[in-house]
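Please go over the structures that come below.
In the two complexes below, chain A is the common chain; its partner is chain B in one and chain C in the other.
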Partner chain A sequence: MMEYISIVFQPISLFTILLGTVAGVAIGGMPGLTATMAVGLLVPFTYTMDPTMGLMLLGGIYCGAMYGGSIPAILLNTPGTPAAVATAIEGFPMSQKGKAGLALKVSVVASFVGGSFSVLVLLLFAPLLAQQALKFGPAETFLLALMGLAGIISIADENSSLIKALIAGLLGMIIAVVGTDDMSGSLRYTMGYIELIDGIDFMPALIGLFSMIQMLELAGMRKKHEIDMSALHKKQKSEPMPKGITKHIALGSGTGTVIGVLPGEGATIAAFISYNISKRISRTKELFGKGNPEGIAAAESGNNGCVGGSLVPTLTLGIPGNSVAAALMGAFIIHGMIPGPDLFNEYADRTYPFIISLFIANLVFLGVGLTVAPYLAKIALIPPAILVPVVSAFAVLGSYALNNSVFDIYLMIAFAIFGLLLKKLNFSLEALILGLILGPIAEGGFTQGMIIGKGSPWIFFESPIAKIMWVIILLLLIPPLYSYFKHTSLLKTPDAET
Partner chain B sequence: MKTGFTKLAILTTLFVSSLVFAGDYPSEPITVIVPSKAGGSTDRTARMLTEIAEKHNKGYEFVIKNIPGSGGQKGFEAINRAKPDGYTIGLVFTPQLVAHIASKRAKYNLDSFRILGNVAQDPAIVVVPKDSKIKNLGDLAKTAKENTLTVAVNGIGSDDFLAAKAFESKAGVTFNLLPTKGSTEQKAGILGGHVDAAFMNLSQMIAQHKAGDAHIIALLAKERSDKLPDMPTSKEQGYEVYMTATRGLVAPAKVDAATLDKLEAMFAKVMADDEFKAKATKGNIQLLPMTGKEYGEYLKGLQADTQAVYDKAPW
Partner chain C sequence: MTKKYIDLAVLLFFVVMAVLLYNSTASYTGIAKTTSAYYVKFLAVFIGGLSVIQLAINLFRDKNNYRLHLSQHYPRFLGLLIMLIIFALVFEHLGFFVSAAVFIPVVALILGYKNYLTIIITTVSVLAFVYLIFIKLLSVNLPGFNF
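Then we have the complex of A and B:
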């Protein structure tokens, strides 16, 4: 093991990791640029590089980008990745109160702990965990998506309109229906557009619904929103982490790692499930939605926990845990390192340094986050006259760059206009994006489960994992629904008397 | 006077550029459209090929442009729509190229392209979970007659799907077909024992087979593969079901024939290059050189077969 560590601590390796991670943070921070895209684009370039260095560079980008998404989410309410949507729900209100520095600090520390924990798990338990993950079939995937969708309820009681949040979630799922039906190959509502055959990409939707709308709202404000400046000038570096936050970071790290190990898009689900559970167990529930650092801690440790987790099945079985891991797998294959046991025997001198380098990458973004955060917090003070055009330009560029598609720009603008309307009517856009992302995962899991079960829905209740998941889903749904109905009936009773 | 001058200028430019065309091709970088994501196996094939081509042919420069999506259709359409000046070509893959024609979704047909030759292939395989009692294609057919077998394929209209359909009709069985979103889900299904069998491609499962996590029971080809020489083919096992995913070079049909002859000859040389062969082996890519004419014939045959499957059970 010592020789592997020494490979990582060569100056050239350290420099590569530093470069990758800092670039990753910047990429994750820009609307429209994602880790999947960055790793995918860089894979071909790494093939002229030394394999170990190439992998370290990509690993750094992956870790950095996962964290980077939270910075604009907190400062501008423009999450750079869908996994940072939950972070924005708590982070942006904190920014508006002038607590951006603290929010950024919580986010970077949580990301670091979640990321490091998951890499430790990857290093120590990868083969064992991968075997467990295999038991997770389409039926369980469906239940996992349901668990994520339960998050709509927790978004709802912020705005107190459960019905509107549910409608928004459903609307997201309806939009997700557009595209090819995977089970029959037939086209649904594509209206002859070849661009719609793959369905509506959630990135243009995310950029339109959050980045663009935020800019439209900023531009539409008559008076400049006053941010409490005094807090910004205080020494925020020395501001202590909020008490009792450790519990939420630990929760997120665990949840994120477990969900990351399972095949399928994990980070968004992990962030929302951690956020949701953390809200249930919090002593300060009432502060959720108004800027509770506990929510940021859970969501960020959750999505960074997916990094190490997603590499578990990727490296041991050749089954990528998510789309970034899939792109990374391409980099391994280019160098003739076919995922499987070979990686840990024949190519151990490349695989282990790569895994160890992920710890360094986590340390790098922790350092970057802590030193730069106080300066970044001032981004919130940039006048709209400058901020709006710059972010809007990035939004357009990012939408185009995803698939080299002009169609996606129109799609993004359409989402911005449509979303602004919904937002003014108090429908939750977070619920909509959750429906849009998780709808297809739920649909795939459900239809595949039904085919494997040969038409019997019993398959969704059969395995022990499924049973446990049903219990968690019910625990996530029943208490908030109970308190919601109790709350509304209390409100109604006095009306009835008068 | 002014207009006359402009006309003259335009004519001169046209004349000069056509001269440049015949003689100094290529005078600018050639864009290679890859209809899939960066980092995938088609993309890797294109990058290795162009890297060696640039190395040995002075004056040639290539730019890879990834246009992923819709089972390659976005990229195929883009090659068809490209300006026919010889500076845009593409690396296409089958059977998706012809499947889109069969399902009448494509705006192109095979005549839209000048076929420059095939580069690589990935033969189809049948794979079962490691503890499965099914050991060969005979077992598969027999078991499928006794019970309903759940069999995973990559989406509808893919090579796996067509191979599974072909096997169904040869063996006289009906599978409980499970379409997935790609090889990742198929691998998870086989390794986790959620499905009874899967039709996939060799490169996707060879590592898992060697590691003992899954068992490949047949290669759906006439000849064995160097990558897995012990694996009996479908022909040896008595089932005439063949499928392979090919990756070949095409250009828009309207491009000047002399230019394309030059390109075709150049790529044929690269394909024979030892350095290219070594790189391909290392990158888990199985080469299958075919001339433009051979590959064109192959595509026509494949289109007819695919059309037959589509007409019987459209998707």
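Then we have the complex of A and C:
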């Protein structure tokens, strides 16, 4: 093992990791640019590089981008990546209270712990975990999506209407149905637009619903946007981590790693499930949705926990854990390293330094985050009249850049206008986006499960894993439903009304 | 229009959408009939059912008879929206750089910002940043004139 560590600590290796990670943070921080896109773009460039260096560069980008998505989510309510949506729900309200520095600090520390933990798991248990992940079939995938969607009930805790939150979630799932039906190959609800053949991408929706709505509201404010400046002027570096945050980071790290190991599952679902569980166990539930650092800690450690987790099936079985891992697998293959047991025997001198380099990448973004965060927090001081046009221009660019499609810009604007109307009518936009992101995963799991079960829904209850997952889903649903109905019945009592 | 009636109209739209969505599954063919169609039916039934329940609640309990305002300052709100639509319309023809070079200062002026020097510096900085990162570093293809 020492010889692998020495490879990583060579100056050229350290410089490569540094370069990749910083680039990853920048890419993840820009809405519309994803880790998949960056890794995919750079894979051909690594062809002429030393294979180990090339893999370290791509690994750095992966780690950096996963963290980078949280920066605009916290500062501008614009998640850089879909995995940072849950971070935006808590991070942006903290920014509005002048606590952007603390939110960024919690985010980077949680990302570091989640990322490092998952890489440690990858290093120690990869082959063992890969075998377990193979037992996860379509039925279990469907149930995993249901676990994520259970978050809708929690979102309703904060708002007046549970029914409206559910309607918004279902609306998101219906929007996700648009496009090509995977089962028959025929087009559904595309209304003749060829741009909709691949469905509605969630990035324009995300930018429209989170970023653009925020800009429209800022532009239309009669009074100046008020931010608590006092907290911003404090020395952010010295602000301690909130008490009791450790358990939320630990929870997110574990959840993210486990979900990351499951083939096809992504950081977004990990972040939402971690966020949801964190909300359930929190002593300050009432602060969720209003700027609770515990939510940021769980979501960020959850999505970064996916980094190491997603590489477990990728490296050991050749089954990519998610789209970025698939792009990384391409890099392994073009360097003649076919994923499987050989990676840990024949190519151990490349694979282990790559895995160890991910620890360094985590350390690099921790350093970047802690040193740069206090300065980034000053974004809140930019006058809205300057912030609005700049963010709007980036929203247009971000919507376009993913698919090089002007149609996506129109979609973004449409989502912003329709989303603003729904928001004013107290529909939950978080539930809508949750449905939009998890809808395809739920549909894929459901339809494949129905085929395997020969049309019988019992397939979703048969396996021991499925039974355990149903119990977890019920545990996630019952407490918030109980507290919701208790809360609403209390509101209806004469005492409460007066 | 009051919030109550707009809410009712939106919910009614969801009910109609649910009915159309449910009926659309009749056109599903082959294996999709017993897989995707069930999934879509499930979504249609639930969103339709919940919308009907919410409609009933709103009809009998909702007392929000105040006007619904999407914005407190319509000239600025609509100004941004119109500029955004124009930006999207000309984006493909003029390219990002020319469109953004007009969009950013005009919107800043619409929103009441008067410091011209800051506006110019901000616009140039944004364009330079996009050029270096998107064009030079990441080779993203932006439409129109790209230097």
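In this text, the second predicted complex is superposed on the first by the 492 of 498 C-alpha atoms of A that agree within 3 Å, B and C clash if a C-alpha of one lies under 4 Å from a C-alpha of the other, contacts with A are read in each partner's own complex, and residues count from 1 in each chain.
Everything below uses one rule, namely that contacts are C-beta pairs under 8 Å (C-beta built on N, C-alpha and C of every residue); 3 or more make two chains touch, one makes a residue touch a chain.
Model, not experiment: these values are computed from the prediction.
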item: First, second, both or neither for A:M173, with chain B first and chain C second; value: second
item: First, second, both or neither for A:V43, with chain B first and chain C second; value: first
item: Touched partner set for A:D349, first chain B, second chain C, both or neither; value: neither
item: Residues of chain A touched, compared between chain B and chain C (which is higher); value: C
item: First (chain B), second (chain C), both or neither touched by A:A393; value: second
item: Which of chain B and chain C A:E3 touches, first, second, both or neither; value: neither
item: Partner chain(s) touched by A:N404 [first = chain B, second = chain C, both, neither]; value: both
item: Which of chain B and chain C A:I333 touches, first, second, both or neither; value: first
item: Chain B versus chain C as contact partner of A:S184, first or second or both or neither; value: both
item: On chain A, positions contacted by chain B and by chain C; value: 41, 182-184, 186, 404, 448, 451
item: Residues on chain A engaged by chain B in the complex (per definition of touch); value: 39-41, 43-44, 47, 134-138, 180, 182-187, 194-195, 197-198, 263, 313, 317-320, 326-327, 330-331, 333-336, 338-342, 403-404, 444, 448, 451-452, 454
item: Of all residues in chain C, those that touch chain A in their complex; value: 3, 6-7, 10, 14, 17, 21, 24, 28-32, 34-36, 38-40, 43-44, 46-47, 50-51, 53-54, 57, 68-74, 76-77, 79-81, 84-85, 87-88, 91-92, 96, 100, 103-108, 111-113, 118-119, 122, 126, 130, 133-134, 138-143
item: Residue numbers on chain A that touch chain C, as the complex places them; value: 26-27, 30, 33, 38, 41, 161, 163-164, 166-167, 170-171, 173-174, 177, 181-184, 186, 188-189, 212, 215-217, 219-223, 383-386, 388-390, 392-394, 396-397, 400-401, 404, 406, 409-410, 413, 417, 420-422, 424-425, 442-443, 446-448, 450-451, 455
item: Of chain B, residues touching chain A in the complex; value: 37-41, 43-44, 47, 64-71, 73-74, 77, 103, 105, 148, 150, 155-157, 176-181, 184-185, 187-189, 191-195, 206-208, 210-211, 213, 282-284, 315
